[in-house]
Amino acid sequence: MEIFRFICKRTLWSLVALVGLSIIIFTLSRVVPGDPARMALGPRATEEAVEALRIELKLDQPIIYQYFHWIASVLKGDFGLSLMTMRSVTDDIKIYLPATLELVIVAAIIQCVFGILLGVLATASQGSYMDYFLRIIAYIGVVTPSFVFAVLFMLLFGYKLPILPVLGRTSVGLGVQPITGMIVVDSILRCDFPVAVDAFVHLLLPATALAMNGMAQLARITRSSMIDNSERDYIVMETAQGLSKKEIFFKYLLRPSVIPAVSVLALQIGALFANAFLVESIFNWPGLSRYGVEAMLFKDLNAVSAVICIVGFVFIIANIFVDILVAIIDPRVRLKAGE
Amino acid sequence: MSSEVLLEVKDLNVYYRVYEGLMHVLDDVSFSLVEGERLGLVGETGCGKTTTFRALLRVLDSNASSKGDILYKGCNVNKMSQTELLNTRRTEMSMIFQDPTSSLNPVFTVGEQISSVIRANLQAKGINYSENDIKDIALKALSDVLLPDPERIFDSYPFQLSGGMRQRICIAMSVATERKLLLADEPGTSLDVTIQAQILGLLNNLVKTTGMSVILATHSLGVVRETTDRVCIMYGGEIVEIGPTRSLFANPSHPYTRALLACVPKLTGEGIAEGIPGEMVSYLNPPKGCRFQPRCSFCNEDCNRTKPKLTLYEDDHYVACHKADL
Amino acid sequence: MNDKRCDNFGSFSDKTRRAWYRLSKNKLSVVGFVGVVVIVLAAIFAPFIAPYPTHAGKVVDFLNANQPPSLAHLCGTDPMGRDVFSRIIFALRSTLLMGVVVLSISVPFGTTMGLIAGYFQGSLIDSLITRLTDIFLAVPPLILALSVAALLKPNLMNAMLAITITWWTWYARLAYGMAVTLNREYYVRSAQLLGASWMHIIFKEMLPNCLSPILTKMTLDMGIVIMTAAALSFVGLGEQPPTPALGTMISDGAKYMPTQWWLTVFPALAIMIIVLSFNLLGDGFRDLFSTEEKQ
Amino acid sequence: MDIPILKLSMLKKYFPYKKGSFVKAVDGVSLEIFRGETLGLVGESGSGKSTVAYTIVGMYEPTKGQILYNDQDISSLYKFRSNEIKGKIRIVFQDPNSSLNPRRTIRQILFTPLKLHKNDRYKGFPASPEALLEEVGLSSIYAYRFSRSLSGGERQLVAIAHAIATNPDLVLLDEPTSALDVSIQAKVINRLMDLQNRYKLSYLFITHDLSLMRNVAHRVAIMYLGKICEIARTKEFFEKPLHPYTQMLLSSIPVVTDEEEQLKPKKITSRGEIPSPVNIPPGCSFHLRCPFATDQCKKLDPDMKELEAHHYVRCHLY
Amino acid sequence: DDRIVRFTASNTPNIDPAQGHDRASQIALVNLYDSLIFQDYLGNLKKGVAESWTVSDDGLKYTFKIRDGILFHNGDKLTADDVVFSMKRLLTIKRGFSYLFEGLVKDISNPSDDTVVITLSEPFGPFLSTLTRFYIINKKQVLEHLQDGNYGEFKDYGTNWLINNDAGSGPYKVVEMAHNQHLRAVKFPEYWKGFSSGNPEGFELLAVSEPVSVRTMMMRRQLEFTDEYQPVETYKSLEKVKGIDIFAISNGKMLYLSLNNAKVPTDDVHFRKALSYAIDYEALLQIFPWRKQPKAPIALSLIGAVSGLPYYDYDLEKAKEELSLSKYADNPEQFPVEIAWVADVPDREKLALAFQTYFDKLGVNVEVVKVPWAKFVDQASRLEDTPHGTTISESSHYSEAGSLLRAIYHSESIGTYTNTSWVKYPDIDEAIDKALKETDLNERLKLYHKAQELIVEYQPHIPIFEEPEVHAYQSGYLTWEPAELQKQEKTIVPGLDLLYMLGVQFKEE
């Protein structure tokens, strides 16, 4: 009951955030340099054609009017026409969003699972060479941008060790009728398992490249938090009561220690979207980030606003989700929620 | 009461490494315990009671080092392998921790924590069990420590309970399954006297029925007097006096013991004593001779130079003082 | 403790001695300390250390382009024929400046916001601040940077501004999480009952207790800020060429992998050394503030 | 000892618990504390002693009832109280460890109340952290230490210094010595009594230790399940305990001398279950454990009666 | 073994002939659609959909006879009606290549089923060349797929449908169009020109241009052609791989440092000339291989470009001499020159930095700025925001000098990124205008010559080099017509896209 109220309140406030976000998005997208009509028609189009398009896009209207016009159509689910692809932005998003989501979700899972696992491993081997080794690995992960990992994976798996596919979402000719647009999910729903496996294998490299950074951070945060907690009285007591090391580490120590890592995870989902751009270009992933940045460079107002909107929305959802996760992990947060 | 020796501690030394140097906390602590015996451990704050218990279970903090022999049923705890140690902790010894608030894991329900302990114990004993059995055992233990509504408590998180309840949960955890030796570190501080009395009664019962031994560390001399067979008085990491409860309370011989007894507020209402003058011993560079000597009003040159040994004072009653007979 | 040393407890020399002891107890943090000192010195004395100091400026030497590492060019040369090692040394300047400026603005600001929100948990202020951080977190930094770049001149200063605008939110979140738990500490209650102002409680009572995780994150962030700066330079915001910047060197160099590996590997190594040093030092600092040590 | 400095009348504090039900932590407590007096508050764990103290000091808002300080109604949260009253009623929390900020030096900790309540000080009252430390009997070399390098007793003394720094009228002491050994406890108590004599302080002294209470309190109140069941002057209380719960308490005090053993009433063993504050049984809340319970006890909640001068009891037996 | 040709491009194409005009779209369109007139690699105009044509004497009326028996991909027959529809659609939508015809084509009609008449509003010499960019779509099929839109009775004019599908008659037909990912097309067996046996069964256009990915795929033989935007290092390393060849031709594209002639100090013609002499063109060719030093204001491979003009070469003495003639001779360092390079093309940075070094020798201070493409295009539309210099490349849209002259040097293009001079040179304008109106080729060439002489005189921009189109391709198992022609030392004239699939053949094993 409490958690339900908590979610409601949280969601309501997120709506406020969304309105704020929409204003920022709108201003930002107008402030980004370039004349969208000119960009759309190409440098050789005549001035009249450009002017006509400008009027069509309502760029001649006052900015407040433009904003409300935009909001009104967004609420109807219509983001307008993309000047870059000349298609409805909503149609574009339908393709790109699931692709990126698939990537980001898998990356987040990899990040979470391996980051925490490495953190536990480092704690368990605290002070030993293994710990130092993991520490170095973590630093490499933190300072190496994800696209450099992408390049390295591309070289390693694309050329030297061609065991994993490096391009696209599926092998040529494979595919499924979209339901959610996420190929792995769709093919499982349609019981087309070879495609699911193929799509999953295609996900591995880009998702890992994307995940490395956050994974390293999570590992560090988990480690330091676990070490902080490992001298707590309750851990001493559990040891004294003869619980096995494994049980203590993976259950009693991990759960209270994982909370900071999980709250950082919410922030990292945003970072995943931001970092996805170059990784998507390298692996030819038809993703939203790539679309967004290209649209931005093309000054495709509608597409840019839509992308920020969607990313912001996903981020806010992810944030709520993580808050709930924290509440599930830590009863103190959950039961306080109704206060 | 059988008279088989269960635990023998010989020359236990514990050091803590800190900024200022090496703290020599336990200094040649030796005592022994027979099966079914109840031993009281009394002393001032910081005299090393908790440290002794943690050394017995080998769960000292990471900056500690421990030397000496702890023979439990003839096996040296300090030399046990990890599996032996695990087995000992699971089936032989258990400890009630001093601070119930921080020794319960805040993010797991009470039930989960108790069940884990019971499961580990049953596994080590090789007993077949089902999850229901475990819950039954846990619920019984909770009602044994007089917790109202054990079902609800089983599903609660520690922060939902009052200080006294948490303390009782820690006790329940240690007595849920049969152990040979119970190390109870201040088990009654946050309980009111009626409940404290009943819980101590419960421990006594266990001693009687299962032949368990108990070491009870507490500040409350009254409790010691009423529930133990023998008392061990510690001062500054040393045992200064050890003997049968009756004889010790009747005839306190070490100046520290006497001073301590004098500080206890009395029901007779004659006011509060002054407390022992002077400061606690410094473990960094403890006095050469007797550790109590700086605060002792009877001391002389001798006390300054040589460390007194535990010597027989009367029947099974040992004192470490050059001036014991004064 | 009735130790003689108690007498000058808290005096300045004792405090520093104590701090140094704790720091030096952790051998690695000494390594970090030395590393930071070396890096800072190298940045200050770059013109004297770099073998080809002019290569940080307007120099093109196509005859020497793309040389692999050798004695003459420790880290090889880039496609413009410039000495990579010299450029790395010079890049330390803007890189350190970037990290220090961004963090020294965003950390105090973010932390304060987080603490205020956490202290007034459940109130309107809390909701406003936390949602504000949500908004700022939700806007992709690249897009924010593009807009800043559009409005202002694309130089190092404005790049720092763009990063700072997004960066404080992380600290706000971090501090918020801690403040919410600190709220229930008795010393905070005690200060409230005493009639202390919220400023006092936030800065005097709460802040010292959340420094350690913030410090840890801050040192890790040294590296992340540098890499973000590189991402911004992708859209033309940041240190302008030919002035070298480590992040930009890496991202430009990645195009030439693996044949001209030295273009990526050495600057990356440099960043790693920076982050490692700051991190180890930060760990040492965290020990300084940690309460774990029982006495 | 005639004008009460603090008067509680029918104070109630319920905590919401699950749907519709309440934890009745404090369920109608009326008390008076006089200037210069120590009122001992004893009761079983969970009976609401801390809650009473927290409500007085404004951490909780009372569900019902009044708190009168010098005849002035202050039954509101601390936020709405004047700074003067905040300085006049102070609390020492149960656990000194958690009430001292681990990252501030003792000097910084003690400086805060001094700075905030400058006006309230009259001549001769300690005006610097060092003087305050001396006042509670600690050497001023402690001023630059952090609380973690102090012993439990020393911490407790610092907490007391913190509480008296504002020159209060009333100090609420929540189990100030339960974590201390007897010798340190003796020192702390002596210091408290000394302060009381010098500054005419009033104390509400919460503890489980009846032997201690015997020696420090002027009057003793016994709490059971959120209600006061007996109040009396200390001497009378120990000599002539009336309420069965009081008798039960006194009979189970662990003592160290045979002489004391004589003073304890005949052992009364408790029976039955301990009720929870969520569903307090009808009638007298103690009847489930009371060996003398009658049918009347099961139905009717007894009223407070003054049996002798200043000796009040809530029981059907009298 | 599927005989599929895969190549990369920086983005997925817009396959609607009335919308697509960028590089990727050009490649796609030429393979999917037919045009009235077709040009071969050597620049000769060939008959396409038009079997024959006549031009009226005033150069205003073009009559085309439509070939019989051409089938669209869905089996419909191509008629004159489709041609008229396609042109009208292009002119209405006003996107893509419509700029070639807007204001020029006054009327188009089909007096009979196999005749199309186009009337121009003024004579335009290279009109036939531009017609190679006019693609014919299937009217019936488009009308079947109309969706809501704002073109009146034509609703959306099929734009939504044509973005994902083709309605052409070209040699290949679309099977899958995945935006931001790839375009997949297969052979259209009934293509009227027929195929030779080695022609690919299909092609795949991949929207990847990350150098690493491209290189990896080439080496794994998962790619037959690279795009032309790879950094030099990619080509160089691919060149070493067995079975991969680099093919580079100058296709009329010119890279130049476009100058703002209205800003101090680049407003001074001597200053501009000084800069032109200060550039070490030959040294640049070393890091930018496959390029050619310019010998004229436009690329020599274009019809009408003049070789043999007295042209700028690296000569520091002359540069200093010119500088001393300029208004800023005394204190050139006080007038910093801002040179922008477009961030999307990484190699350009090297160039900008090279200029910085070269101009430094003259005492001119150069500030290098990196700008994203969109920002640059925007800046170029305002005089005060246009930097002093910008490295930019421009290619011709039909294979004659007029295309580039008009785009780079004519004052009508001021305000677009191709001409940032901001100063009108009326004599240059006049010469170009005249040339473009001339229908007689020889006369036109003379006029082109005149214009180029004037340009050299004013030097509004500095040509840096002719930028070739460079592709790496799998020569091990492919023969590629342009490459074969180059081996025979023939001059390839831009016009037909190099990646025309009919020019590609798999070698027999």
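General remarks:
First chain written, first letter: the chains are A, B, C, D and E, and each begins at residue 1.
As a convention for this text, contacts are C-beta pairs under 8 Å (C-beta built on N, C-alpha and C of every residue); 3 or more make two chains touch, one makes a residue touch a chain.
The model shown is predicted, which means the values in this text are computed figures rather than measured ones.
Common neighbours of chain C and chain E under the contact definition above: A.
The chain with its C-alpha centre at the largest distance from the centre of chain B is E.
Averaged C-alpha coordinates put the centre of chain B at 29 Å from the centre of chain D. In whole angstrom, the spacing between the mean C-alpha positions of chain B and chain C is 49. Rounded to whole angstrom, the centroid-to-centroid distance between chain A and chain E, based on C-alpha atoms, equals 38 Å.
Centroids built from CA atoms put chain E at 91 Å from chain D. Counting partner chains per residue, chain A has residues 32-33, 151, 155, 231, 296-297 touching two or more of them. Counting partner chains per residue, chain E shows two or more touched chains at residues 212, 372, 375. Multi-chain contact residues of chain B (touching two or more other chains) are listed as 61, 280.
Residues 211-212, 231, 233, 237, 283-284, 286-287, 343, 346, 349-350, 352-354, 356-358, 360, 366-372, 375 of chain E touch chain C in their complex.
Across the complex, chain B is touched by residues 42-47, 94, 151-153, 175, 178-187, 189-190, 193, 208-212, 214-216, 234-235, 238, 248-249, 252-257, 259-260, 263-264, 270, 273-276 of chain D.
Those residues of chain B lying in contact with chain D across their complex are 43-46, 146, 148-149, 162-165, 189-198, 219-223, 225-226, 249, 259-261, 263-276, 280.
Contacts from chain A toward chain B in the complex involve residues 231-244, 247, 251-252, 255-256, 329-332, 335.
In the complex of the two chains, the chain C residues touching chain E come out as 58-60, 62-63, 65-66, 79-80, 146, 149-150, 154, 233-236, 240-242, 252, 254-257, 259-260.
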